[in-house]
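Below are two complexes that have chain A in common, paired first with chain B and then with chain C.
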Partner chain A sequence: MLPFLKIMVRNLLQGPSTDPFPFAPAKTPARFRGAAVHDSEKCILCGICRHVCAAGAIQLRAAEDGSGMQFMLWHNSCVYCGMCAHYCPTGALTMSDNWHLSHLGEDKYTFSEDSFVPFGECAQCGARIQPRPNVIVEKLGGRAPDQFLLCPKCKRESLVKHASDTNLSQFREKQ
Partner chain B sequence: MSETYTLPIGPLHVALEEPMYFDIKVEGETVQGVELAAGHVHRGMEALAMHRNYFQNITLTERVCSLCSNSHPATFCMAVENLAGIEVPMRAQYLRVIADEVKRIASHLFNVGIMAHLTGFDSLFMHAMEVRELMQDAKEGVYGNRMNLGQCTIGGTRTDIDADIARFLRGQLEALKPQLAELYGVFERDPLIRTRTRGIGLLSEQEAKLHAVVGPVARASGVAYDLRRKAPYAAYDELRFEVQSDTAGDVHSRALLRLREAVESISIVEQCLDQMPEGPVKSEGFVAVPAGESVARTEAPRGELIYYLRSDGSDTPQRLKWRVPTYMNWEALQVMMAGCQVADIPLIVNSIDPCISCTER
Partner chain C sequence: MLKLIQKLVPRSPWIYRLNAGSCNGCDVEMATTALIPRYDVERIGCKYCGSPRHADLVLISGPLNLRVREKVLRVFNEIPHPKVTIGVGACPASGGCFREGYSLEEPVDQYIPLDVIVPGCPPRPQAIIEGVVKALDVWRKRLEEDTCCRF
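Right after this comes the complex of A and B.
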């Protein structure tokens, strides 16, 4: 006998196995890679997201007054690979489970993750540095929090000073 | 009256909705000779790869083809790791195998489903696709996408499988097992499938070796060549599995072989979930890729996949080249199609599981 008949009758009795989507919510797993979400509170403007983005969907634009950077992620260009979220050192970028991404053609330049990240200030000389939000200082700068908040110039000077102080104290100990 | 004429098929249609052009010499209803013309969807991906850095290339190679979308980045990452001397943690090796095998099951089920569709048995096609849906849901739940898993990264994997996810994956596999066994029975015994697919598209062992075919096409013709056994990569040398082979070498045997491989794949994934050691899933930090050349090979669902990488020490490859299994298989179509009926052409083309998007890239 036809071996498929049994399966066919069973499938007919079971009814449709597709999601009744527009009439009921579709099941979305927690790990689903939907639209990327940017948290400007955690961003340190390191640019790794832009570096790994294969689609070129991420742009970092300097503000005209020099007060910070505009972070832009075009959902329209994004391929939802999640590389930016994977390599983001601070967890500022995450992939949400939002897959409702249809939009009008006229909205394609505004359909983006758009946030302003202000620059930080050097704790010593007040020079403009990459942002150093508190959440990140605890996470990344825990080993040397003082140096983490310095501009490259002050950091260099503090390192030299630290090294010479250490040398001096060692020299004194020998004497 | 015997008259030979040329029947153009393509560039669109044939088995899959992918473009390939066949000039078929026909006498009556019988095929006398086949000329293939490829190159209709050339996307210039090898050239693109030279303009993108290694991280961007992971995503790029993943988009070469949707059904082998884990094999490509995995092989690319292996080539980079070989060159840079990156040690991949053991847990990551197992996770890579899991991703590979889940994709293999889905890919093989897709192919046998299409075969049912081409024989005109659409309810079986729908059923095969519904069975495959179990794996699609597994991919979505574990990796976050139904096709492009995004699992491999240079030096390891991106997502880990914790206890909850492992339980979910095991559940999907358990649900798949009886369905797959039932499906195998249908494909093995159904009179319609048997009449349409047995004894057509024959490829003898000798011809298979002559054309150097790879993957299920080679194995169905008696060449038990499986890279997972011949040159084990990732964690395959620690896993028990049987290399499936057959001697019939026709369309039917290739479909059954794919289903048997899917059953083996389930057992491989389960072994991985059991044996997987604890530990990190990726090597720490970024490693610069030195100048030099490297090659990596893996067994994609369609056969042996080779990546060649040449680096000049910068963060973009100087040359990235890959050879895909379909490239070896489609020349053998000339042997398989000789003497077949015109109506069998799509079935024979589908039986090599051609991936035009991989081959043309």
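Right after this comes the complex of A and C.
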């Protein structure tokens, strides 16, 4: 009898255990994986997100004028595994805690995370290269920031020039 | 009299669950939505029913694979108009992780028109409740305009 009274008093004090949603906002756990969010400022178009996507929800489409790539993530195909956010080298893809994703059937073909990522430019000749946002320059191009911003051709030339210059100066020192 | 019924009926929708070859993840979430007091879809007047002939809202899970397609369509056609279809999970909307599989014929839309889509793999119970609330609006509109789900 006593344990029952204890439970009864506790339940009376606690109130209902029902989550008040949809009449009040629902609690979302801190690490809940909701819709993926893409930040085009940080994207380097490496394509690892498309490669690891289990459901094939991510598409990278080349723009018609060749100025960049269209990043598309279809929330209806996504299985919210978070692999893309885990493998993204620059943190451009993150899983938000937004789970308010229900939508009408007619919006099916417009319901996607859609962003345009322009290509980068070689600092020397202006040729098209992969984008070089600051996040990746800080991470990978810290040792030689000048060379990191060049296209492969200009980089090769600058390396050869650097090597020949040092060789020449060493040769002169010997003489 | 009919007007009064039309006004009252969206306050107690009866839900029918239709498993179209689902992996059972979404079915568990739908059962959770109805049966666990924490989520309790019956607060908005919903009731799960066993017979398709009594249903108003249809919750569909699964990518509608070839093996169950005929059976699912037979049951779906028994549900009286105006029915509102809710696709629960990624599968009915796109095929989910089974997309482009040998046993599917996509999209599901060519057999069953989806009115509301709740993406997720599986979706949260609260997300399903949100979808049901959206479906109620669709249903109210259908009753006013006197249309059915066939387009």
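We adopt the following convention: the second predicted complex is superposed on the first by the 153 of 175 C-alpha atoms of A that agree within 3 Å, B and C clash if a C-alpha of one lies under 4 Å from a C-alpha of the other, contacts with A are read in each partner's own complex, and residues count from 1 in each chain.
One rule holds in what follows: a residue touches a chain if its C-beta (ideal position, glycine included) is under 8 Å from a C-beta of that chain, and two chains touch if they have at least 3 such contacts.
These numbers were taken from a predicted model, which means no experiment stands behind them.
Student: Of the two partner chains, chain B (first) and chain C (second), which one does A:8 touch, if any: first, second, both, or neither?
Tutor: A:8 sits against chain B, while chain C stays out of touch.
Student: Based on the superposed arrangement, let me know which partner A:80 touches: chain B (first), chain C (second), both, or neither?
Tutor: Touch status of A:80: both partners.
Student: May I ask you to decide whether A:118 touches chain B, chain C, both, or neither, giving the answer as first, second, both or neither?
Tutor: A:118 sits against neither chain B nor chain C.
Student: Between chain B (first) and chain C (second), which does A:54 come into contact with in this model arrangement: first, second, both, or neither?
Tutor: Both partners, chain B and chain C.
Student: By the touch definition at the top of the document, which applies to A:95: first (chain B), second (chain C), both, or neither?
Tutor: first
Student: According to the stated criteria, A:31 is in contact with first (chain B), second (chain C), both, or neither; which is it?
Tutor: first
Student: Kindly list the residues of chain A that each of chain B and chain C touches, one partner per complex.
Tutor: Touching chain B in the first complex and chain C in the second, residues 17, 54-55, 79-81 of chain A appear in both lists.
Student: Quick check: in the complex, which residue numbers of chain C touch chain A?
Tutor: Against chain A, chain C makes touches at 37-40, 43-44, 85, 87, 90, 93-97, 99-100, 109, 113-121, 123-124, 126-127, 129-131, 133-134, 138.
Student: Going by the contact rule set out above, which residues of chain A touch chain C in the complex?
Tutor: Those residues of chain A that touch chain C are 16-19, 21-22, 26, 54-56, 74-81, 99-105, 108, 111.
Student: For chain A, which residues are in contact with chain B within the complex?
Tutor: Going by the criterion above, the answer is residues 2-4, 7-8, 11, 17, 29, 31-33, 51-55, 79-83, 86-87, 95.
Student: Can you list the residues on chain B that touch chain A in the complex?
Tutor: The touching residues are 52-53, 55-60, 62-63, 121, 123-124, 127, 130, 133, 140-145, 148, 150, 153, 158-159, 165, 182, 185-186, 189-192.
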